[in-house]
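These are the structures in question, set out in turn.
What follows is chain A paired twice: with chain B in the first complex and chain C in the second.
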Partner chain A sequence: MNRYIVLRVISSLMIPIILIYAFYIQFHGEYSPGGGFQAGIVFTAAFVVYTLLYGLEAAQRAIPPEAAHALSAIGVLLFAAFGFATMLLGGNFLEYKVLLPNDQAGETFGIIGIELGVGITVAAVGLTLFYSFAGRRTGE
Partner chain B sequence: MSEHLPALQVVIALTAAPLVMMMNRFPRLAWGVTLVTCWATLVVAVLLLLQVSDGSVIHYEMGGWAPPWGIEYRVDGANAWVLLIIGLVSAVVMPFALRSVEQEIPADRIGLFYSAFLLANAGLLGIAITNDAFNIFVFFEISALASYALIAMGRDRRAMLSSYQYLIMGTVGTTFLLIGIGFLYIMTGTLNISDLAMRLPEVTETRTIRAAFAFIAVGISLKLALFPLHLWLPNAYSFAPSMVTVFLSATATKVAIYVLLRFIYTAFGFEFSFEELSVAWVLMPLALLGIIIPSVIAVFQEDVKRLLAYSSVAQVGYMILGISFATALGLMASVVHLFNHAITKAALFMAVGCLVYRLGGVSLSRIAGVAERMPWTMAAFVVAGLSLIGVPLTAGFVTKWHLLQAALMEGLWPVAVVLLVISLVATVYIWKVVEAAYFRPAPEDAREIREAPLSLLVPTWVLTATTIIFGVWAQFPISAARNAAEALLGVPQSW
Partner chain C sequence: MAIVRIRSLLAVTMLTGIYSLVVAVLFVLMDAPDVALTEAAVGAGLMVILMLGTIALTTREERPHRMRHNLMALLVVAVTGAALIYATLDMPRFGDPEAPAHVHLSPRFTQESPEEIGIPNMVTSVLASYRGIDTLGEAVVVFAAAVGVLLVLGSGAVRGRKTSGRSRGEGGDQAP
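For the complex of A and B:
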């Protein structure tokens, strides 16, 4: 990889920006286009670029496949936890406004929370898919 | 907590799925959590059915958003009945699954397997309970994607191919459904089914609505395996792991039939579906062909699982036939058959699962003489087989009786004759299995086998006994089905 100096320099500049942009989409989702799905995929895209340049092993050192598995479940559980919390606080399932004393703050908090769950799951599932394709050896 | 029952019905299984996935290293624990989840689901389903048994309707606003803007869960006699079917079958199949799955699925995938099973379960429950057309599509995809994974885990390598076939056909089906729903949304601006029912009459004259009806009917017919759109079903059922076959054969097509009923009766309305578009003229010939041809094909099958799969296609024909009479009695016969066929076919596939557990396969030559060594398993098969044929004192008889009555009330003598003749054909294919198991000598090189373990036998017999109980004491399924039919028709009937 050392030969491709242009690619390495550009990508090391781009990857942090892609990751930050993923978080921007993630946390801006509740009042502008975006949200967990898009953010999760953009996040995974940064890992794809990283893998193409530095290899699968390096990427899997950053997020091991087992961690990606666990994260895909944790995201859904986070979503469900918000649902159950709203039920316990006397609202309907996913009725966010009961989460905080102020209705509007509760709505915002709830949406950001479940979108975070969606984002984690989508990123982790995207990563798992990519790992399982990238990890295939020919002839296997 | 009781006001949250509609949400809990779906959410319990949906939340347990990721939990079980994380327990992949501890297969027994994963099984235990799945078992508890399925039993909790059954309890919720029973409570909901009790609440709506007096004809009342439960509404639940997801996220506190009022319908038609938000997603509404709505439980009436019709879908409470379907929820009970799903809950009952999943609760009974789980004890059966423990050893069957341990034998058929690699140990490092059992947790993932149960996770996919819970997702399929939650998807089916969601389809049944939601009152939002788009939500129905989403849950269809959840249950379908999970089912593809479940079927592909069969031991036979052909499982992968049949899962792929199902994937293609299922995706075409749900895409058609989505196109239809999209057309409805264009014309009415709403997705809530009750709201659609109010707004559709103004625009029924348009071609868009007729196209929407066609797309939805064909899309769902693919999912419910209406002849000749059934080609994915025999392969999917015969190569899937035993427990998956039991669960899907008893629930997946039933839920799709419920959705068809919901669209025909509630969203489009009886007048539009049956009088303007004469949907009965399409459904009745297809139902009759679907009863006759797959039954005859079943007679010539060498593999018992495949034989029963073809019989499932024929049974779907019975349910569609009841709908095509366009009478309250026909509808009620169909709805009661959803339940009766679910328990009958699940019992049969469980008995087959016991045979697979001991024999490894269920071709007719392999099960020769097996009744001597597995008497309880084969006895269950015979009793459930009698219910499939429709012998008096079994659940199958209750449906056939009502179907015959409905046919005769309309003066459809030829249809009644077909029903009786095909019952004989069903006798033939069940007899083929019985003859092989009881009267043919075991092959010389047969391995020493014992009766199936109790954890497989007991659930099998629970369902087998259920087919007898609801054949003798038919009051419960009949009154529930009447309640369901009234909920679909929207007017009380004099039965």
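For the complex of A and C:
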């Protein structure tokens, strides 16, 4: 890909913006459209662009496949952990109110937490899928 | 229609991506930016990349097959289509304020969720709080998709370990 200098320059400008946009969707999800799912996918898209430019090895140095596998489970577990935490505090499964003394604050805290879980899962799963498709060679 | 007729898989992939992008624009027009974001990123972005990866692994051309005209199949499709169109006649018009979906739960969500949850984006509060268990299920489905692909295709290590060579085709299932 070294020949395509325009692509390289533009994309290296774009990738940080895409990543920041992903985090913006993630953490601004309460006020604007978006949430964990969208953020995770956009995050993955940034990595796909990076891989197309710099190759799979470079991308896997940044986030190794093993880390992606682990993170995809960690995200789901984080989500479920919020559910069980509310149960331990005396509420129903995923009843965030009980997390903090103030009902609204508790709900908001819970939503941010589970959205983070969803975001981590989706980003890691997207990366895992992409790695497994891109990592195979025909003449194996 | 072209998607069905064209043999070149590369062109089909591109058309599918364009179709997703058009659908995403439609979603924006119908005031559903959340869905539009997802559709654009998944349908036009990630899915096309995954399909391109599959094409790179397999073949660019669909194998030509004899066209057989199956009247029975045509009949079944026509009847099903007619039944579906008939069913849509019963549905309320788009944006009808009297629609059942808008008189039962929506007022409660739109009027009480800002006080109850304390965040302005109602889509998020419905998704994450009122339907939290549903969303947990979705997260598990996404995770299961990854597990399925890993089982079929092996790990993503670069031309790394020997995987159980047999599997070449599509992965188990795609992320929704």
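To be clear about the criterion, the second predicted complex is superposed on the first by the 139 of 140 C-alpha atoms of A that agree within 3 Å, B and C clash if a C-alpha of one lies under 4 Å from a C-alpha of the other, contacts with A are read in each partner's own complex, and residues count from 1 in each chain.
Basically, contacts are C-beta pairs under 8 Å (C-beta built on N, C-alpha and C of every residue); 3 or more make two chains touch, one makes a residue touch a chain.
Note that this is a predicted model, so its numbers are computed, not measured.
Of the two partner chains placed by the overlay, only chain B lies in contact with A:A70; chain C stays clear of it. After overlaying the two complexes on the shared chain, residue contacts for A:G91 are found with chain B alone; chain C is out of touch.
By the document's definition of touching, neither partner reaches A:S12: not chain B, not chain C. The partner that reaches more residues of chain A, of the two candidates chain B and chain C, is C.
Looking at the shared chain after the overlay, A:V48 reaches chain C, while chain B stays out of its contact range. In the superposition on chain A, A:A80 makes contact with both chain B and chain C. On chain A, the surface touched by chain B in one complex and the surface touched by chain C in the other have residues 69, 72-73, 76, 80, 83, 93-94, 96 in common. Within the complex formed with chain C, the residues of chain A that make contact are 25, 29-35, 37-38, 41-42, 44-45, 48, 56-57, 60, 65-66, 68-69, 72-73, 75-76, 79-80, 83, 93-94, 96, 103-105, 107-108, 110-111, 114-115, 117-118, 121-122, 124-126, 128-138, 140.
Against chain A, the residues of chain C that register as touching in their complex are 33-34, 37-38, 41-42, 45-46, 49-50, 53-54, 56-57, 115-121, 123-125, 127-129, 132-133, 135-136, 138-140, 142-143, 145-146, 149-150, 153-160, 162-163, 165, 171, 174-175. Residues of chain B that touch chain A in their complex: 4, 7, 11, 14-15, 17-19, 21-22, 24, 60-64. For chain A in complex with chain B, the residues that touch the partner chain are 69-70, 72-74, 76-77, 80, 83-84, 87, 91-97.
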